[in-house]
């Protein structure tokens, strides 16, 4: 299968560029009978645009999702669903400079090497964060399918620029995450993150952070050891998101510093079900779900496009040069990335549940 | 493709269990003409057994690799290579207890849920670290292929139980890593790690750590954005290794705490080639290689099998229970995991290089 | 990968329905730098519409291909190419009847079983021959790539309603196939076929036939034994075309009636190259190309939609019923199928050549 | 996935060579809990050896299947099943001649081109019919799984050297096929075939033929339109069998000569179920099962190894030459191919049923 496709049974093929005509996706393998129309995508699309203009790029588009196939009389048909968003608010002028003077930290250089200079460099082309509209569109469908089997996914900003959200119960996270302009459910941390992003933005610089996603009610016994471990499948899609440089499950890198006696999650019987007293494993043992919440943390580097003068090269002259990145860029991608991480986890779980036969191929009602 | 297969062009299918007849692999897509015999595997196999008995499980086997197919007159034929190691030093008795009393932190419980109790539980069965013999065997072949195109891979212990190896030049790492009983090239850290492992072992407990792998001379322009990013493909195979809970590239989670101006790797021209002055990206931008060293860090949790009393459940009686794990277990899996991580990175790169047409399908000479 | 995707390296994902908004395709893995614009598709699209209205359905659309992604400044970028045709001349009214009264020989019934009645039944929906626009669009791109490496593909009508084209040299086939209204290069047979189709059409009935495709200059040594034999890969895509019920290579079923001494193709040296004196093998031995022309024959059943009264069932009442199919239908699909078979062979070969590294990933000039 | 793997969920990886150490298979995705031991393979293996020595090659081996993994306490575990047959009765001497003087009709030449001369040429190596032991082993497992859901598969010789079996009810076919030395259920045709094979054998020549396979009780609604049509998946595995040059479903090539009114299978309601009055479609419409028997016919060319003098070339001298094939060869492969075709259909159906969630992942009882 091509390199722009993810998934074995619930299969997602991404296409489109930042400043091309559109960004879209083909979702193949969706059961027939699921209610679906353009409205279903509206809220998720709006999550990409924080209301405060100081927290985001000035590129703002309505991003309405058009369904081109696979839906009939308000329901999915079982045929592949092609859905896309037309690009509207495009200003490609600032990108001329980076065509031959690659931005440090950006894919300008590697794209040029990979595609011999034929890539659509405008707005970062295929390497823009905007390409994750594919993930969001497919994610809306995946989340609707998961809802049918009681699985819930929630993501939030766990860290920006070193400022960490405090621990809190999942119910509280769910109720507060949408209230924060940076998608951080801890109000105090949210405020600090917000101020820090604005400050760093005013300096022309950028910040990274960590998004955490949790999936609830995933049945125990899903996944495989070795090459299709839950971690393999989930990390693989997380690393499809531009800017991701780290993925960990449960205690993750911290567990590398624990003793076995600290890290092992004891089992107990609770209301007739086997549960763990702690969840350092992130809900996965041996690549297979335990039935506890699946927890994944995703590290985003700071956006590479900054208004600070940086050393680079001139690709045509093969000599040193410098660049100051103008144009419309996010000072911190993390808040926008929250629904993308959520969608990605949903897509991965949907594929796994479908392969296990746990989502029926025809949905009634 | 089945869940025990990795790779699109250089394709690896793993089989076997810890206490079954064997552990093995089918390597499909290997070019014809590569010199290969059983001897080629000997050194790698021996790296799984640290000489000091206090640093490892007491299970010690010669682990000779038998080539069953795909090799003729000392060279690969282009046909699938089936290779395996027969299990010899097997003692399954201690595992009877865990069949229905799952070890906390181990896959005993999830395997039972996934396979309805039919899994081979002896020695952890398919969930044993021994299954990574598949990775090692395929890795030896991959490393030989990479050598033909000048790509080199080296892995080492970067951290055990919180003790970190100091920074050092890669040449020094390469020369010193094999001298350390814990595969840590920093002699001082190595000594501390060794002592700490022995101490924790004597307490019946275990330690985790971090393995770092570096690939040199990977050509720029390899990989894809989105679903087949280098990070997606590499993390996917890293998470096939039992006990891995975190994978990061370059500065990884640390880059989430940096500003763009700190994290971006400036470009410069050096001897007619474009290079970066730093390598926070771990040699990957936009999912594609930059030509700088590819750097990946892999976090291992502490082995779950410890001689400390732990809370668990009785699966048949559905009631709380306790377990003290006896049997032969590693106090720290990290040193053994070093060649496995090295092999895994080699396999991933080999698949990517072959798909890009950079390793010929027939090798002469 | 999803069930609507074909190909490992040159990968084609089909979407769309007959009476939905569009029919389209995502072509993933196309090298960067190939010149491509909407004009390139015009001639192929027009081959779907024989000028004589008695030889085809009365549904006639301009079928202009729109390129939505993957092309920039008149060249492919290496990113996935989404291309589609908007449906315009749609009349869904006649299909209401078949929703619950399936046409014998058509997929109405199986679609209803597969998708629980949620499939888009209008115009046959996903089961219409119109869906092969996906094959044609991808085929135009594949044929342009094959041209770059000197491989040529030509298809023609070999048989309609039992009337067979005479044997003739390939050069003559190439020069005459476009002159025939039924795409049959033998003028005498073409005339007979034409008359027979018109006659059977006037009776409200339909005819089947055989399309033959030949690929020239395919280098020897391409393909694999066993599961990815050339025949496996080619037959697999041929059977994706609606109405196909037989696929054979070279002498095919006839070779089952030959002796070895008759069927074996002797080798000889001709101008320093090894060739065969005959080509009963269809250019493939052991799943691998011999360097001789690759020859495949594809049997199409007669279209199921006929104006003759037929026995069927009422799906809601579960009782016997009858149906007379009205609407716009082809009396014989074979002439329209010729470019589809040609495209399909091109797609399969393109995928195989790319996997073998024989088409570069960046095309200049 | 590698080119020696078939199947998405029930996945089969073949390895081994004719005169190497073994021929084997890894079956991945088999549900846990299926009873399985070496005995289960004995009868199928014996079907490869017709008792009459005049009807077969003189190579006769016990071909006992060894289970190396994936089975524990007499049941499958859900882990990959590696199973193989050791090669015992090997005489490689006669093959020295063909190394550089390829047999017409054989893969000697294409293997030499594909693998640069490094292929194991002994006994045809990877291109021998013996490699279909992989299909047989996996087929035994697939047939046992199909039995659990009531699906039955039966194959038989429909034609040898132009002599055709008469039509007969399927129950009669099932009861008589094992009585015939050429696996032809029609006693009269069987006798004629037998005599013809012996006669042609005595002339040093060989014969082709047709194997037909039928699957009963396949539920309606299985499969997909377009690229994963039932025909695509089934033809793809049929063309993995050495010597196959044609595959057709139902009336196949004959339907290309029928009118729509003749070819369409009328529907009717019978005992509350929808059935067809005829089965020209071979149980498949639009790539999806109708619930009628699935019928596939597979054309085998005559074995290429004949004792008649033939024109060939000397690959080293690049000049014309001649060859008379000695060694142990079958005069007609068709009887031996019957269980291979049966197994292949079973494997394809098993994969499709598992993907549809119709075979549970854990089998009890």
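Going by the order they are written in, the chains are A, B, C and D; count residues from 1 in each one.
Here is the rule we use: a residue touches a chain if its C-beta (ideal position, glycine included) is under 8 Å from a C-beta of that chain, and two chains touch if they have at least 3 such contacts.
None of these values were measured; they are calculated from a predicted model.
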Of all other chains, the one whose Cα centre sits farthest from chain A | D
Between chain pairs A-B and A-C, which one is joined by a greater number of C-beta pairs in contact?
-> A-B
Averaging C-alpha coordinates per chain, one finds the centres of chain A and chain C separated by a number of Å equal to 38
Which whole number of Å gives the spacing of the CA centres of chain A and chain B?
-> 27
Multi-partner residues of chain A (each touching 2 or more other chains) = 3-5, 8-9, 14, 114, 126, 361
Can you list the residues on chain B that touch chain A in the complex?
-> 3-6, 12, 14, 102-107, 109-111, 113-114, 126-127, 131, 134, 159, 161-162, 200, 205-210, 220-229, 231-233, 235-240, 242, 244-253, 255-269, 272, 274, 276-277, 280-282, 284-291, 299-306, 308, 310-313, 315, 318-320
The answer for chain B against chain C in the complex is residues 8-9, 355-357, 360-361
Sort out for me which residues of chain A touch chain C in the complex.
-> 1-5, 7-9, 11, 13-17, 20-24, 26, 28-29, 32-33, 68-70, 72, 75-82, 84, 114-116, 118-120, 122, 125-126, 361-362, 364
